[in-house]
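For reference, chains read A, B and C in written order, and residue numbers begin at 1 within each chain.
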Amino acid sequence: MIRPDAPVLLEIRDLRASVDEQPILKGVNLMIRAGEIHAVMGRNGSGKSTLSKVLAGHPAYSVTGGSVLYRGEDLLALEPEQRARIGLFLGFQYPIEIPGVSNLEFLRVATNGRRLAQGQEELDTFAFEDLVRERLQVVQMDPAFLERSVNEGFSGGEKKRNEILQMALLEPLVAILDETDSGLDIDALRIVAGGVNHLAGPDNATLLITHYQRLLDVITPDFVHVMAAGRILRTGGKELALELEDRGYDWVDEELASLEAGEAARTPLEVA
Amino acid sequence: MSSTATVGDLVSQPYKYGFVTDIETEKIAKGLDEDVVRLISAKKQEPAFLLDFRLRAYRQWLQMQEPDWAALGFPAINYQNIIYYAAPKQQEKKSSLDEVDPKLLETFEKLGIPISEQKRLSNVAVDAVFDSVSIATTYKEKLAEHGVIFCSISEAVKEHPELIERYLGTVVPSNDNFFAALNSAVFSDGSFVFIPRGVECPMELSTYFRINSGDTGQFERTLIVAEEGASVSYLEGCTAPMFDTNQLHAAVVELVVLDDASIKYSTVQNWYAGDENGVGGIYNFVTKRGQCRGDRSRISWTQVETGSAITWKYPSCVLQGADSVGEFYSVALTNNRQQADTGTKMVHVGPRTRSTIVSKGISAGHSANSYRGLVQVGPKAIGARNFSQCDSMLIGDHAAANTYPYIRCQQPEARIEHEASTSRISADQLFYLQSRGIGFEEAVSMMVSGFCRDVFNQLPMEFAAEADKLLALKLEGSVG
Amino acid sequence: MVAVSATEPRHPLPAAATAAPWIADLLADLPAAPSAAVARARELLAQQPLPSRRQEDWRFTDLAPLTTIAPRPLDPAEQASSAPAAPLGPVAEPGRLRLLLDGLRDPLDGLNLPPGLHRLEGEALQAALGRSLAAQGLEADWPVLLNTALAPRVLALRVSAAVAPLLELVNDVGTGQGVEALRLLLLLEDGASLEVLQVQRAAAASATSLLLEAELGRGARLRHGLLAQGHGAASLLAQLVVSQSPGSELDLVSALSGWGLVRLEPRVLQDEGQAATRLRGLQRVDGRQIADTHSQVAFAGPEGRLDQLHKVVADGAGRSVFNGAVRVPRAAQRTDAAQLSRSLLLSDRARIDTKPELEIVADDVKCAHGATVSRLQDDELFYLQSRGIAAAQAARLLLRGYCDEVLAELPGGAAGWQPLERLMGEDPTP
């Protein structure tokens, strides 16, 4: 839903980042307002996963330039856990297994951290159980998964559902979903996408990072951005994704080549 | 807290039980000879058989050599420079708790062990041992109604000499090893538990050991007997003040379990570990052994070892009775310069005996944490089973985790399985938890306690949370 | 309170030790030492008792059976005459370079070595000999001293490229009685590769000391199989000491059976890590035999890999020992090591001692270890029986499968030696 007067949730300006001194992001600009669904597409290595990790504060990536404002606040100055508590959520492409740590306990600690940051009171174990059972519906997940260790031994689909369950509990304002569709069969994709659609509302925003059109068949984006070589090359509506599906990414290479040839003068497109 | 802080930075935190109680103490002169052994026995007004036991042990000790096989690095101990008996000056044990020196009650309260009538834990009976003597035992009368004897071993010597004579030294003979012999010669106090035939002990029993004096050794002796069909759950806790000298703690624990009886023995050991440079701390050289004498008997050892400069203990089970069961669940956390060499021996003698070993070692700083175990299956142990799991977690790259799981099998109808793994807290796991709003310290502590969960689940409920908290404290940061 | 004691040390060293009479007799019977190094080794050996069970390294293994063997050098003439008349094992065929070792004669005499394989001699030999031992501090180890004191020559080979034929080293003592020592040195240059099948056989009261040193250059590959088929009165002490450079791959496969006493010590050092080590061992004891494998793999640099499987079959009143040390110091980050020890105990008079030793001081490592001791699995037996196979035959099938998992890894060409049949005590076809 595009509302030009909606408050800006995330504003990324000329963001540059590197890993092991290797520059990956080379000036990303992006503005996201409440209510919007954005999709970032691009080939492997275009920098789209790096963008998601930098936003969430992964320690392996160092920011070398630019800024990110989250509701007007300097996001990059915050620790990963602080970013999560104020409403930024990253759905991992490969959710991490943590043996020994109970999923239920993990969800409860995370949820209460977010609630405290929002000025709400912590939920005791009983109240939390009620909440979590209700939210399980969103992803049609078996409560038995609550008793297991975090993601340990979960199938790919179960891990992704667990990610969306966390999102349902943390109620983020900006949800970044990194390749949420990878490794999902069609049923799991439908359930996960249903969860995302269910959680999307006028006050929050979603940033989908994906490779394929098929996720966008079930979640309709307001904006589609094409990323290549560490920056956003082109921005359009949902039809841009269809065009990509149709024509492939070869034209991106051409555009990139001409861009690099003419460098200096041009600035990448921005979403206003 | 910065996420650039390493996990290793988190595991140092000041020892919170390091205070000294200012109380007048009666001590004997330093040093050890036959006269000292006689003096200890006389002070405790012991019967002749016990003096003989001590003297025999002393003479055996003189012939023995301090063991060096565990390759633990520590300077030689001068056994003539230790005080072998120290007691707070309140003389006779008081008949009522109200008469106990309030300073002592206060000390235990400060340690989280309230023993006064008003504040004591409702379902746990406590024997509080201060330096060499037991100062109070709660709920004695209530336990006596069930025929359960729970008192200091000195009291038991006076009131139940026949039981002491029958069982003392029968599981750990006085010449078993160097430190057991020393303990047998000079042991000061400790707890005695007797659960008569068919009785399920109505509450948790607990002994709390406190070393207060700086130059005393602590040599407590614990003896627990469960007669046919009896059962008991027993927990011991230990703390000591911070001194920059090392103190010797050489305890002996003996468990005897008859047919269909069971003993669950839990330890939360938090003796002073020395400072970050390895100065001071307790040398914890302990012999713990239980004998499943009866058929279908069971012994379960659970330990959470976080303290001491050096820990050297192998709570063991001799599984004699047919179908008897031995269990060992252990968490050992070492930091700074601590050395822990711990594990268990499961000696399968009888048929269809079963044992389970779960050991979790966490090494941080420059510490060394070793699991050393023996699973021995003798020729008569037809159908014996053992399963062992030894996991190590390393925090930082200066700590050592060693695993020496020795297996000896002489019985083809036996099955022994052993698994070991080494892991660490990965940066990706930490980031995942952080990205859900869980702070760095809490994330580390969640993962460490998750790593230990199999063992904590075995602790009596009242203490599981305690143990979790203890580890969390050890992991809590001095990182700003 | 614990002061450093000024009193006498508690553990005075034993009074100046003297050699076991057996060693003294053996040394007395040797020809003059050919070099200063040999003389020195004999001198050191003469000052030491036999390793005793009071030493941790020899805690489970009694060397007494060794001393029942005539303490004199084995006579190669006797060996030649006693060896079976029929050609040993499979007929030599193309793709196989067979060298017969007797410790005395030069097996390379009059031989055209295949491309990539060269005799190592002169200064190059002197520089390389003992280097791997020194890297692991083994120069004064008792079995090394014994070998050095006795071995009349060294078979030393330099490998400069991929060697096509299988190098088959055969030492068959036959019914010869006495003591022999074989010393080998393999120097694999960067990128070189070699497959070796070493066959040790004895049929009477003899003792063999085997010492192999190998150095693997960068990217070099060595696959070494030791097939040792012994006799109840015979002893074998074998040390395989290997240094690996980064990128190298080592496969050590051993199958030991029939020896009254066999002690195998594979000792591998990845001197800068980043190498791959694969160890496969199988030992079978029966009667009153003792088989002892003491392996050690040390990683001195990062990203090394170890994959170790050790299997035991213990029958009769046999004794099997496995001691597997894995050392991962701080420099060895990202090491990936796995060790599995599986033992089958088939008799209630047999005994199995298993002692893994994992020592780790690096936090970013994977080190897994497992050990099992059991008899044949009832459910597997039952499954076969339910398909109409008699119990005894089913047990035999399972046992063959169990052993074959290791034997199948011996270098190609080992099959001709019928390792499985001999190991199982089945009559090998002539």
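We adopt the following convention: a residue touches a chain if its C-beta (ideal position, glycine included) is under 8 Å from a C-beta of that chain, and two chains touch if they have at least 3 such contacts.
In this text the structure is predicted, and so the values were computed from the model without any measurement.
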Chain ID, smallest distance between chain and overall C-alpha centroids: B
Chain whose Cα centroid lies at the greatest distance from that of subunit A: C
Interchain centroid distance [CA atoms averaged], subunit B/subunit C, Å: 43
Gap in Å, rounded to a whole number, between the CA centres of subunit B and subunit A: 50
Cα-centroid distance, subunit A relative to subunit C, in whole angstrom: 57
Where subunit A touches two or more other chains, by residue: none
Subunit B residues counted as touching two or more neighbouring chains: none
Contact footprint of subunit A on subunit B as seen in their complex: 1-4, 426-429, 431-440, 442-443, 446-447, 449-453
Contacting residues of subunit A [partner subunit B, same complex]: 56-60, 79-85, 89-90, 92, 95-96, 98-102, 105-106, 109-110, 113-114, 117, 149-150, 166, 170
Footprint of subunit B on subunit C - complex, ascending: 1-5, 7, 10-11, 56, 330, 333, 343, 345-375
Subunit B to subunit C touching residues, read off their complex: 65-66, 68-69, 74-78, 81-82, 214-215, 217, 245-248, 283, 377, 379, 392, 394-422, 424
